[in-house]
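Both complexes below contain subunit A, partnered by subunit B and then by subunit C.
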Partner chain A sequence: MRKVYTNPALCSGCRACSVACALVHFGIADDALGAIQVVRDPLQRYEYQTVCRMCEDPECVAACMAAALARDPETGRIIVDRDRCIGCWMCVMVCPYGAVVASERLGKAIICDQCFEREQAACVAACSTGAIQMAEAEDTAGIAE
Partner chain B sequence: MAGPIKTRYTIVGAGIAGIAAAEAIRELDRSGPLLVVNGEGVAPYCRPLTVEVLTDEKTPEEICLREAQWFSERKITIVTGDPVAELRAPTKQLLLATGQVVAWEKLLVAVGSQPAGVRIAGLEQVPCFTLFTQADAARLKPLCKPGAQALVVGIGLIGLQALTALRRRGVSVVAVEVAPKVLPMILDAEAAGYAQRRLEQHGIDVRVGTSVQELRPVAGGRRPYQALTSTGEVLDFDFLVMAVGMQPNLILADRAGIARGRGIRVSPTMQTSIPDIYAAGDVTEYPDWIEGGEEVHAHWVNAYRQGRIAGRHMAGGDPPPCEPVFLNSLRVFDLPIITMGASRRDALEGAEAFVAAAPARPAYRRLLVRDGRLIGATFVNDVGEAGVFQYLMQNRINIGEVAEELVNRGRKAFEFLDELHRQVVRGDLEWAPSMDLISEYRKNHRHTRWGHNEPEK
Partner chain C sequence: MQDAIGNMRSRLAEIDLTAGTVHYEDTPPAVVREFLGGRGLNVAYLHRLLPAGVDALSPENVLIIGAGALTGTGCPNSSRFNITTKSPESNILGDANCGGFFGPKLRYSGIDRLIIRGRARQPVLLRLGDGRVEILDARAYWGLDVNDTQAAMRRDFGPTCESICIGPAGEVLVRFACVMTGVKNAAARGGMGAVMGSKRVKAIVATGGVGLEIADPDGLLALNEQIKDYLLDSSIVKVLGRVGTPLLYEVSNHLGTIRTRNSQDSSFVSTLDAEVIHEHVTKMISCHSCVVHCRHRNIHQGEGPEYTTIGLLGANLGIGDTEEVIRLNDLVNRLGLDVSSTGGILSWAMELYQRGIIDASLTGEPLQFGDYELVVRLIHSVARREGFGDVLAESSHAAARLNDPERKYLIAIKGLPQSDPHDCRYIKAFALGIATASRGADHLRSRPTLEVFNLPKDLLREIYGTDIDDDPTSYNTKEIVVATHESIYAVIDSVGICKFICHGFNSPKLLKYEHFSQLLERAFRASFSVADLQAVAHRIIDLERAFLNREGIRRPDDTLPWRYFEEPLPNGVAKGHRIDRAKFQEMLSRYYRLRRWDADGVVPQERVRELLAAWDDGSGA
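Moving on to the complex of A and B:
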């Protein structure tokens, strides 16, 4: 099961990943539409990427009222049915990683699909510092107690 | 009439709590006879989305919670339109309205809630609606025409959803709330201010600190009905929507002698006071670890989680208990709001409030922290990463040191979250192996651990 990994220590905060993701999925160079986001503390120079961690028992899917989210058991990715999604942000409310993007522009949730149809994930290709990588997942949930 | 239907598990109510339980039972027991009985004569549906049906954004089919096939695939029998009339605990049976008897070994009461009412003089003389079920939405729909004037009584979650739907259909709305702020059970005064302004921008006539004293029909008036308010005003309207809260459906439980307060009392594994009878969802009450007392945590996520716990325990599993907190995700027209825990409190004994400083756009983020634990959180117009806070609250993680940084998205907060969310990355995953720049950088820094960036000693 392949998965996007991020390393905040290598992130420069340029948001090329978000833009590349938005371009590939929506054809729009709007970083706000990227399934990977970079949260920043500009004053103290810290950059932190948020992207779906592919939980085995995803809280977002459980919380979805509109039955718009599902977990694909084969690839482990979370599928968003945009026709069903109503932008109620229940998924945003429960994702422990803050990795669901609440797009007010679309009125829909955006969740990383691991670029499953592409050989290389768009964000990984766009990252100039190597702060994002794609690898086979060893664990899927991975919340340290 | 044929003899009793014999089941191992019977679930009363096919809301999200009942469905989640059925799903959980089937994860552990694939074949034990499982019956779901629902009072409403339609396929199980998503209750909050009835509002979308009212505005024609969804069809009734589209808000179906689980289709017939879902039940048949799992060998679950579902009966709709035949409510349970009586619950017989000593003989482990129940009686449906049609007279059918059902025998059960384990029973789940997941009958949800109904709209609460208030007594207002003259109420029976005016057209009064509620918005809880699909049938309610269907009744209300023909009245939702541009130009119509509605009076919404109560600006809580359901009042908000009702008035939003009415407005979207072109209805003029005046809404009264007895508390001094809108959404009083959800928002603190500051957040409620944001919400109220947004309502007013969208043309809602909002009257807080106001109750309706009397209702009456008027002949030859601007509108056929009038309300007299506690502030001495007269409000004209065509129809009224009552949205003063909810109350658990306790009739069955009371007749069966199940212990209850405002809702059915349940153990951490959702067992009631009677052996082999469980309860989950809006019908239950549970000690609220944040505020102390018993609370009815009537929201979707809680109903789902409790349903799952009940189902697993009924099927012999050992589910981890989950202590409910209040969780709300709502939308005041285009203003998204997420709240958790004691968010409605302006202040709480022993708790400190942390408010985000200088937000980039009009937004409000506030954390309430007591003894290092997050006990309340509010996000207005900036709901990103709200789920992180849900996780911190639910797991009672000590955030005392970083609360201020968390609300402001500061460096220390992210380092803290890195530590918390550390992933086990494959040992041979090399970060940026090809880049000289990075290799140089890596010589001087360790980042073998997630989020750590310390110079080598």
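Moving on to the complex of A and C:
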């Protein structure tokens, strides 16, 4: 099962990943619509990425009262049914990694779908530092380096 | 005409602070077609809206903030926006280009350009989001430095907002106050912060909510990736990403052209070399969508230093201690002062003191090069207009008070102190470029440094379209060199991409007109051929010049600091070089002929009418 991995130490904070994600999924350039986000504060001197970690027993799915979220057992990705999502943000609150994006504009949750229809995830292709990589979940040795 | 620009949005909000009103409209497609965006559209509006002779710090001045055509699209290094107004420092065109994250957020807020007029009765901030602008009370933020202001914006408008703001220097109208975003990105030159302060706008905060519709998202992403990979393979991009702009310090120092102690010397210590600076760096970070990552997060305070800071606050003030220069860099950023003018004006005063032209009765204390504590005190006093700082805060306007009415010892052109730490007595094209640049002594309009790379003749012919004299000390054909660089830089500033990944600035191999053309096609289905883009550049350069002409600029203003003509460079490879007045004048005449301006450097009226015709193209505002 393939998965997007991030390395904050290599992240320059540019948000090209978020824009690429938004372009693929919405056709709109706007880093706020990316399922991968770069949390950054130049004043406090940090930047790191947040993206779905594909929990085996995901809290977000358990917390969703609208039955809008489901885990695809085959790919491990979390599927958001936007017709069902009511924007209650329970998933946002329970995600231990802050990896669910609450889009006020859409009134819907945005969760990384691992770009399962694409050969390469858009964020990985857009990253210029190697701070985002895609690998099989069982085969992650060396990624952290 | 709409077809020609595809779905490129060019939405503007015109804010009248005196009346407290906001008016929205789209820039007519015919005008977008001719001036593109960013710097180009900004000057088109400035020329249209501002009559000649207006006091730059009066409510009648117009402050224009505009994103580039590709800003925020996610294509490599597309972070940039321009602030354009009449400069209170030079009294001519004020135009400053800035990176960071505000430009994209401005567009994601549904607005591509702000036109700010009038003056608020009390401090305000402008909040942009969901396609609207709100004018809010900012009294609670007045007095805060740049970092504290932005921390307050994040607290009050959420951690994903992006803001630009002025520091204390802008509030008290220091003529070289800048507009800042983040801890070091600055719309630095020409006193943009003083104009913002004169309008009593403390900050502009963008919160997004709209985004930017892209015509061919998959096509754009594929092209972005291809360009990114191409750029990452470039040696100049690699080295900029590793050590940033300080690498240029060694180049200038080696040549004997690093401005030192107000250009009395031209070589300085190696403690400001890039590798030494790098020992003070914890991480290289970037602006929005950037593939270079040339920004240093240092171990002391803030970000930087850049080459300009090392030069102007280091060598130029005789300060060689690495940490001291880094701390001075952060100090001017927090207070919202332009690094270049701060260094240029302080060094001017120091030399005047050294020569006995001014004394402690004016300055309050001895002024000596190399005195870090003195420089810290002076910077604080300038930013608050206290004591002698109030005199220095006038920038080049302080000439009479400083007893140097002809500005003989000021390294400035058209009232704007020179930004590049590079002494222009050696590379003659560089000298012509800063003498004719539309905002005063400025290297970013034409920086013609490809010459020193010793490129093969056939490559030079390809770049310049004709044979050029590749000796940097020759005056021959340098008008062609300057005009070629000026043109592509005008387009770069109008699409909103960083010069570090573009042709001509540091390398002949990076992004060219063809790339911008492809990116505009993928992003908006906008159809701009290479010839179209070159015509856009030509219009921008002519209209900027027409603006200058209207403010009274003529041939005698296209000159260089006295020292560049009269004193030979003292050190290094460049030792003995200076600018020959007669040869400079011949070079200037050739440049005017190439630009089709008259012998006095004036754009023909017929051409000016042609430049303004797009407004009357049936869709005019």
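The rule is simple: the second predicted complex is superposed on the first by the 137 of 145 C-alpha atoms of A that agree within 3 Å, B and C clash if a C-alpha of one lies under 4 Å from a C-alpha of the other, contacts with A are read in each partner's own complex, and residues count from 1 in each chain.
To be clear about the criterion, a residue touches a chain if its C-beta (ideal position, glycine included) is under 8 Å from a C-beta of that chain, and two chains touch if they have at least 3 such contacts.
Remember, predicted model here, so these are calculated numbers, not experimental data.
Participant: A:Leu106 in the overlay: touching subunit B, subunit C, both, or neither? Say first, second, both or neither.
Facilitator: It touches nothing on subunit B or subunit C.
Participant: Quick one: classify A:Thr129 as touching subunit B (first), subunit C (second), both or neither.
Facilitator: In the superposed model, A:Thr129 contacts both subunit B and subunit C.
Participant: On the superposed three-chain arrangement, identify whether subunit B or subunit C touches more subunit A residues.
Facilitator: Looking at subunit B versus subunit C, the one contacting more residues of subunit A is B.
Participant: Please work out whether A:Ala20 is in contact with subunit B alone, subunit C alone, both, or neither, and reply first, second, both or neither.
Facilitator: Only subunit C is touched by A:Ala20; subunit B is not.
Participant: State whether A:Arg45 touches subunit B only (first), subunit C only (second), both chains, or neither.
Facilitator: A:Arg45 contacts both subunit B and subunit C.
Participant: A:Ala29 in the overlay: touching subunit B, subunit C, both, or neither? Say first, second, both or neither.
Facilitator: In the superposition, A:Ala29 contacts subunit C only.
Participant: According to the stated criteria, A:Met65 is in contact with first (subunit B), second (subunit C), both, or neither; which is it?
Facilitator: First partner only, subunit B.
Participant: Contact-wise, after the overlay, does A:Asn7 reach subunit B, subunit C, both or neither (first, second, both, neither)?
Facilitator: First partner only.
Participant: Applying the touch criterion given at the start, work out whether A:Ile79 contacts subunit B, subunit C, both or neither, answering first, second, both or neither.
Facilitator: neither
Participant: Identify the residues of subunit A that lie in both the subunit B contact region and the subunit C contact region.
Facilitator: 39, 41, 45, 104, 129
Participant: Using the touch rule from the top, collect the residues of subunit A that touch subunit B in their complex.
Facilitator: On the subunit A side, the touching residues are 5, 7-10, 37, 39-41, 44-46, 48, 50, 53, 59-60, 62-63, 65-67, 84, 86-102, 104, 129-131, 133, 135-139, 142-144.
Participant: Can you check the complex and tell me which residues of subunit A touch subunit C?
Facilitator: Residue list for subunit A touching subunit C: 12-16, 19-20, 22-24, 26-33, 39, 41-43, 45, 47, 104-105, 122, 125-126, 128-129.
Participant: For the complex, give me every residue of subunit C touching subunit A.
Facilitator: 72-74, 76, 101, 104, 107-108, 147, 150-151, 154, 159-160, 182-183, 208-214, 217-218, 220-221, 224-225, 228, 232, 284-291, 293, 297, 303, 523
Participant: So in the complex, which bits of subunit B are touching subunit A?
Facilitator: 16, 46, 48-49, 52, 57-58, 62-63, 65, 300-301, 304-305, 327, 329, 331, 334, 336, 338, 340, 383-388, 390-391, 409-411, 413-415, 417-426, 429, 431-435, 437-438, 445, 447, 450-453
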